[in-house]
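First chain written, first letter: the chains are A, B and C, and each begins at residue 1.
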């Protein structure tokens, strides 16, 4: 019996599509609701980011609740940067009770890169320990060894970054996450399929589902910036050049084109189990991408 | 080594405002080694405050100087009794430990900290000090080839690296090495990579709960001692 | 003005302050090897600072006749000089000559006053006798010197040729002694010591020297045309002009042989040869003399000795034989042995024998005579077998050096004084510990190699025709730059306050010569025999545990600042600018000299012995005592005699600037001149700086007005 709708989809063997919504910096969630409405029937699940880049926002848990209210399937992104093990466990109990049953376990970005640079970084746990903690809760106990009155059950996932220069430490980490019980992985943005191919050669030995991350670029400058500053992202020179070649104003269009091309390649060559589309603030264009890629005919929960 | 940095002159200037006669007290151990509060720094601070005073045209303060071997053991402070009586405040250039022991020893005189104690660290190159130990109370350097993940990893995680590691550097600062890449490399050299493949459960933070104390003496009753 | 300089009584440990006033310098090898124990390191350092008259004063304190030594001393100090382990030894004798000539030695007068009644007789007016006379006269004794020849000076007059020691120099010294009240009786050979005592002298010092030439012991030695070397030189020095012909040979390898050969050249001989029975390495003569002789055209035949002399029609036919070196003899030189059948013949007009001299002491003196006809004495008290009769100089040692004779003279004066005042002979001055040990290869590597500034000489062609002095005196630039090569052995840094030392390893890390090291017990040691006395570690030590061994060096800058404080407060000229200027470079580079000379009113120079010694506290103190602007001027990294000094000076300036910024003072008020790049025109740069400070001063004065 699948723990969640998304888990069913995972086990169904279909080409998986997930995407994400970024919550607002404030109490006004109108736009987020709009995006949720736009996407909930087109994808298998929607992630809600958790203070992405350490910028304070409306909480991921809140966003997942909203998705549930509107009939969508949420993936609760949970970082260990801001809450200790008591708070994390409590949030998970709440999530489960509200039908939020997919959790993406992350360590989270450093406080130093965000907009509250004087805040205290918590990091009571890391991503692997978080995965294990969920397993412990599923067994009916909390991390203190006490009996739970009502044990939760989750479909758990983690992140992996195949496009990295020194792959061996990353693979060691990947192994640990698989061993800890991760069922699915969403990768950081990929721009070069060979990289994905190489990674899948290693990862296919495990019974886990890999969703390739697709980040939509809007300009050559954005691509260069990501190359220089964002860990786990390598944008090949060819792609940067492609973006640089277009006239002003047509950057996003080209970015979408590149994204669609990648998705199509992945699907046609069956490189991995699906894609995770990250629009980085431009959630509105995701349906266009799906259309162009020929994906996401209405999914009804 | 405990490493500290002298507070900005402006802040010290504000701290000493209410006091007329001030003893600038240096420390001859860690603060000397890291160049933040030894005899030379005491004399330098004295000069700096005096120049500021001379230029400001007021003569609000008069300073005296002294340096003891350490301020963190109260026996070293006994020699100061008369000097402390003569002043209105002591501006201590010792680390936080020394300042507190000093304050406890001389509760009737205000003790002001002249340095910001930063960390326990080591000399890297001339004028450069790196933090090495966070006093976590659960040293795991055997598992990480002698590289501490608490002090050298920005997130202090035990199952690293995180997603923020790029080109062997940390996402926080391109000049900072990713500790877990360093650990990987050194474990590989030692042929001990299985230590990195192991799962490390969440940290036990109990040793860090404050206030902390270590009791190293044995307390045995006479009976125990006699009867064995 | 507030906060006076850190007073001794307010410093950390009172007893440490006392400790800090002790002299911990070690005696350098130059001083240790000098028979007079002259303070060579001190006067060379003074010359390096351009303080020539003070250098001369130091020289005069240790040497009764600096001008004579400046010309002819065999400089054992240079042989011992440790700079020789890096490149070439310091040209100490030439520097002494420079100090004597430029420091106005000729103008110095010495006084003599009679305090004691006991008359003292000195037999022989050579250097030992003159030296003893000088010191005895200074102690207040009436002294009479008896001299057999018509002129005074002993070997100085009759042995050393005029091209090495000019007559006027010796005359000046003798004049000074006469002015002191010393009585001289020339052409008065002493034949009886009993007579001297009858005449009322209470003590006698025998310094008859060694003038009797040794005989070769070969057939034909009595022939006319064969003359003893010492006699030959004496006759010429006393004014005679013997005709020696054109073809001359000199037998011997010591300084007398070389002197005889070179004198022969100057008398017009066309072919002068030296016959020496051993090889070049064993030649006892000063190697500079040998080189100069060869330059002038003297031919030296090594491993050759004459065996027979035949005289015919005024010409000499000399049979010589070749030698080879066998086993070492008592003097540890290899014994020469004749090679059978290697005889050859040379024709000469004159043959000069110079194989050694012995003293000639009249039997009537009834003195115990030892090997080589020398007088036997007690080595400590210098007394002979006769009561009240002392002896010293060549008469005791056989032919030796001038400086040894001067030292003996000084010692004799002390012993005679003790004898006459019925005191026990003192054990000798508390000798300072001598510096031992050679420079380690790693130290030598870090020391910049600098060529020795050789003292200028007349060209060989000019030299060989006249008796003018060969060696010329240094010019200022050469003298100062040569003096700056000195390694300052034994006056470096030491960790005086080991209790303050936190073993932070700063001294290890900053030393350009890698001198401080961690010993097995984990204690930092700064070995005195390696330290180059640059002063960097002293100023960097965070615990102030390191000091310079010389007490005068320790508080030098603080004392100069105090002096400025006292003087500047009296002066009304504003704004006050204080400049820390290196003393060495002031004269050495010339650029900084212009700084000193052009300094306008309101600028106070604090002289420092190298900018490496300036601490950040000194810079701040300058501002504290009211300076509106402060500058530091050094020799620049290339000119400075030590490494890394500019770097550290700039570090301390940087630290001071940080403080200025925090206080709200403009960082332009602190400037460095000539530390890295040589200033095009330091005077101009200083002018510009002065203008800037003037403007800042005006601006802040206006602000003050506005406030009030």
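Keep this in mind: a contact is a pair of C-beta atoms (placed from the backbone, for glycine too) under 8 Å apart; a residue touches a chain by one contact, two chains touch by 3 or more.
Every value quoted in this text rests on a predicted model; they were computed, and no experiment measured them.
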item: Where chain B and chain C overlap in contact partners, by chain label; value: none
item: Closest chain to global C-alpha mean, per-chain Cα centroids; value: B
item: Centre-to-centre distance between chain C and chain B (centres being mean Cα positions), rounded to whole Å; value: 54
item: Approximate Å spacing (C-alpha centroids) for the pair chain A, chain B; value: 41
item: Chain centre separation in whole Å, for chain C relative to chain A (CA means); value: 85
item: Contacts with 2+ other chains: residues of chain B; value: none
item: Touching residues (chain side chain B, partner chain C) in the complex; value: 8-10, 28-29, 32-33, 35, 38-41, 43-44, 46-48, 50-55, 57, 59, 62-67, 69, 123, 126
item: Residues on chain A engaged by chain B in the complex (per definition of touch); value: 81, 85, 106-110, 112-113, 121, 123-129, 132-133, 143, 159, 161, 164-166, 168-170, 172-173, 175-176, 179-180, 188, 230-232
item: Contacting residues of chain B [partner chain A, same complex]; value: 154-168, 170-172, 180-181, 184, 193, 196-197, 199-203, 205
item: Chain C to chain B touching residues, read off their complex; value: 1-3, 6, 10, 12, 499-500, 502-506, 509-510, 541-544, 615-617, 620-621, 623-624, 626, 655, 659-660, 662-665, 704
